[in-house]
Amino acid sequence: MSDTERATRDLLVELLGQFYAKGWVSGTGGGICGPADGGGLLLAPTGVHKERVRQDEFFTVDPRDDRVIKTPGNPDLRPSECKGIFCLAARDRGARSVVHSHALSAVLAGDLAAGGDHVALRDLEMLKGIRGVGNRDVHLLPVIRNTPREAELVEHVASVLADDRFSGAFAVLVADHGAYIWGEDVWEAKRHAAVYHYLFEALVARRDRSTEVTA
Amino acid sequence: MSDTERATRDLLVELLGQFYAKGWVSGTGGGICGPADGGGLLLAPTGVHKERVRQDEFFTVDPRDDRVIKTPGNPDLRPSECKGIFCLAARDRGARSVVHSHALSAVLAGDLAAGGDHVALRDLEMLKGIRGVGNRDVHLLPVIRNTPREAELVEHVASVLADDRFSGAFAVLVADHGAYIWGEDVWEAKRHAAVYHYLFEALVARRDRSTEVTA
Amino acid sequence: MSDTERATRDLLVELLGQFYAKGWVSGTGGGICGPADGGGLLLAPTGVHKERVRQDEFFTVDPRDDRVIKTPGNPDLRPSECKGIFCLAARDRGARSVVHSHALSAVLAGDLAAGGDHVALRDLEMLKGIRGVGNRDVHLLPVIRNTPREAELVEHVASVLADDRFSGAFAVLVADHGAYIWGEDVWEAKRHAAVYHYLFEALVARRDRSTEVTA
Amino acid sequence: MSDTERATRDLLVELLGQFYAKGWVSGTGGGICGPADGGGLLLAPTGVHKERVRQDEFFTVDPRDDRVIKTPGNPDLRPSECKGIFCLAARDRGARSVVHSHALSAVLAGDLAAGGDHVALRDLEMLKGIRGVGNRDVHLLPVIRNTPREAELVEHVASVLADDRFSGAFAVLVADHGAYIWGEDVWEAKRHAAVYHYLFEALVARRDRSTEVTA
């Protein structure tokens, strides 16, 4: 293992602790992947408390075909269900790191989907934290329906990634579930995750207030 | 004491610190029990600041008859009032670890009891974090009335545990009080606690928003 | 200095850090006093960031006459404005530790004063965390008007402490300001502070919800 | 580098960690500057995760003409966009430390701008934490419109700093963006930041409640 991958594993473990403190991962849900040696993605195991994942517990998957190419020593571990969507974001958007969030703010933002299939994020300086977006832009994020298993979400995500309205999006909201948020590396994925969660909270807070005023 | 019990004591102390940070235990209320050597349950003392409990301050109780079978060295300590319900969950549900939460979100969720005796948790991916529950299920939790002393709650809890509507529940809400949440081991109890608290917060947040919209 | 006072100073410093994290002390406002050797009270300096107070920066005051009987080495420090009320609580209620909170939840609870001079705390298990109070009691706390300087609050506090309606109270709310909360030692003051803040948050949250429902 | 500047760099790094935990800086937005040797200002780089800035990554700028007079070793770093406003506050108000906050509470407070150009902060003890302000004062803060780039905000800020209504203000709110908050040293800037954020939260919380009551 290269020093780079070792550092990435350390960083992923540290960020999982931060994301747990923020409520983006909890129970055993949510997670993050990052770049492995040789073009693969480092993926945490499923069903584990994400804030307690260790450096030697990641799987390596090949994003070209979703195949597991390296398993951790512990034979009881199975790869996270996020695998399909993480690999899809890598293939379709060049993502090298993807955050899967179960934050309540993402769920409440998804509840506000306009026309049933998107939310419009606007009027906030923080939009500038998203690559290619200015603070006067209206930034659209797709909102897709949830499915019984995360693996089945893949085709829905593929469909909205192909939708021109969302070509500038670095995230997909899943109604009743959370969000997938990505970047070209771990740092951009982390920045995008911070920005999008902020925008979700702002959307919900401002909607609450305008409802009160107009009621 | 076996290494296993020693590790469990360490873990319980660490989790009490986490639960304090989350507001699940506060004042001297709330707590968690876990498996002791020989089939007993490790129980914290009553009336102490739970985030400051030490490894050598746990009682061991026999869940078959609620009897204290081992006391900590400090003679000033008395066992937590949770004893009766913790032992009941062990006997009736095979629980080996039970979290008692005073979280405000649990109280506010209990305020929303439909028909006075339950809440329905639904439309959230996080439901999958409860053993045996899918994200399209409607998961019912019993809500019981509070009583002057926790020991007296035991018969109310026993009664709802016998109610077929709640056979899949790993938690009981106590109105004006909080919740008891269990699992087959400490890890499952912790996961269930994270999931149920998330569901309580979501229930309250979504109810607020739909009230606003329909008002 | 006795080992007991040294331990108390360590504990006060640690608790100020916790209270800062909770938002009970912030800016340079809020604080806590505790027992000094010889019957005095340890009091933090005014105008300092309370989460950064050091063990050697406390004043000792005599609660019988509010007199400073020991000053810290640093001559730039002056004793906290809380002095008068802390000493009053010690004289009139036997308090050996008093928390002064600027928590927003205390301010919002004070906004709800019924009849302009008290709030009624009820229907919560957490009431049992207050000495002498049961979970079915209706517990009244006085709410007094704020004054330009904290020292001037003393006579208002003295007046409500003499009011029979509040004989069981271990706290006074100050409108637009916060709360004073005490106990017979640091541990009881800390427990009472945790319980009252919880009750303040619950009062505000439940009032919000019942307003919505009845609107 | 003097010991004083070294200590200031350590303090700025520590405070950026605290501000991140509070949500005042996030993504890569927000920040703080402090006094450098020789009358300059220490400024963090742009586009970096502020909670991870290191002691050796600060720029030094001359507030008289906004010029960078010292660069960190790493040639990839560029100075924060806050430069113009930080230097302006230094020139026009004698600020030696300025906090730039992206807190959601600042955005929501800005949404409440009366007459479109200010908010009135009143009826709170915490006002006394602002230099020269009493708890019975009505303290006005300017609210300016956001612009595509932070550098362009400078002239708007200069204009409100020249407005007599705001002569006692140590902060400017930027709609849809956040706030700039300053002090004569790092400690006063930190105290003012704590106080203003508290006042923003209180303003929003109380407005919500009075809307409900009068609705």
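We call the chains A, B, C and D, going by the order they appear; numbering starts again at 1 in every chain.
Throughout what follows, a residue touches a chain if its C-beta (ideal position, glycine included) is under 8 Å from a C-beta of that chain, and two chains touch if they have at least 3 such contacts.
Predicted model only: the values in this text are computed from it and were never measured.
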Compute the shortest path length in steps from subunit A to subunit C over the network of touching chains.
2
Which chains, if any, touch subunit C and subunit D both?
none
Examine where the copies subunit B and subunit C touch and state whether the two sides share over half of their residue numbers (same) or under half (different).
different
By how many degrees does subunit A turn when fitted onto subunit B using C-alpha atoms, rounded in steps of 5?
90
Relative to subunit C, which chain has the most distant C-alpha mean position?
A
Geometric centre distance via CA averages, subunit D-subunit A, whole Å:
31
Distance from the mean Cα position of subunit D to that of subunit B, given in whole angstrom:
43
Each of the following residues of subunit B touches two or more other chains, namely 208, 212, 215
Which two-chain combinations qualify as touching?
A-B, A-D, B-C, C-D
Subunit A-touching residues of subunit D, taken from the complex the two chains share
26-29, 49, 102, 104, 107-108, 111, 146, 148, 174, 176-178, 208, 211-212, 215
Subunit C partner, complex, touching residues on subunit D are 123-126, 128-129, 134-136, 187, 190-191, 194-195, 198, 201-202, 205-206, 209, 212-213, 215
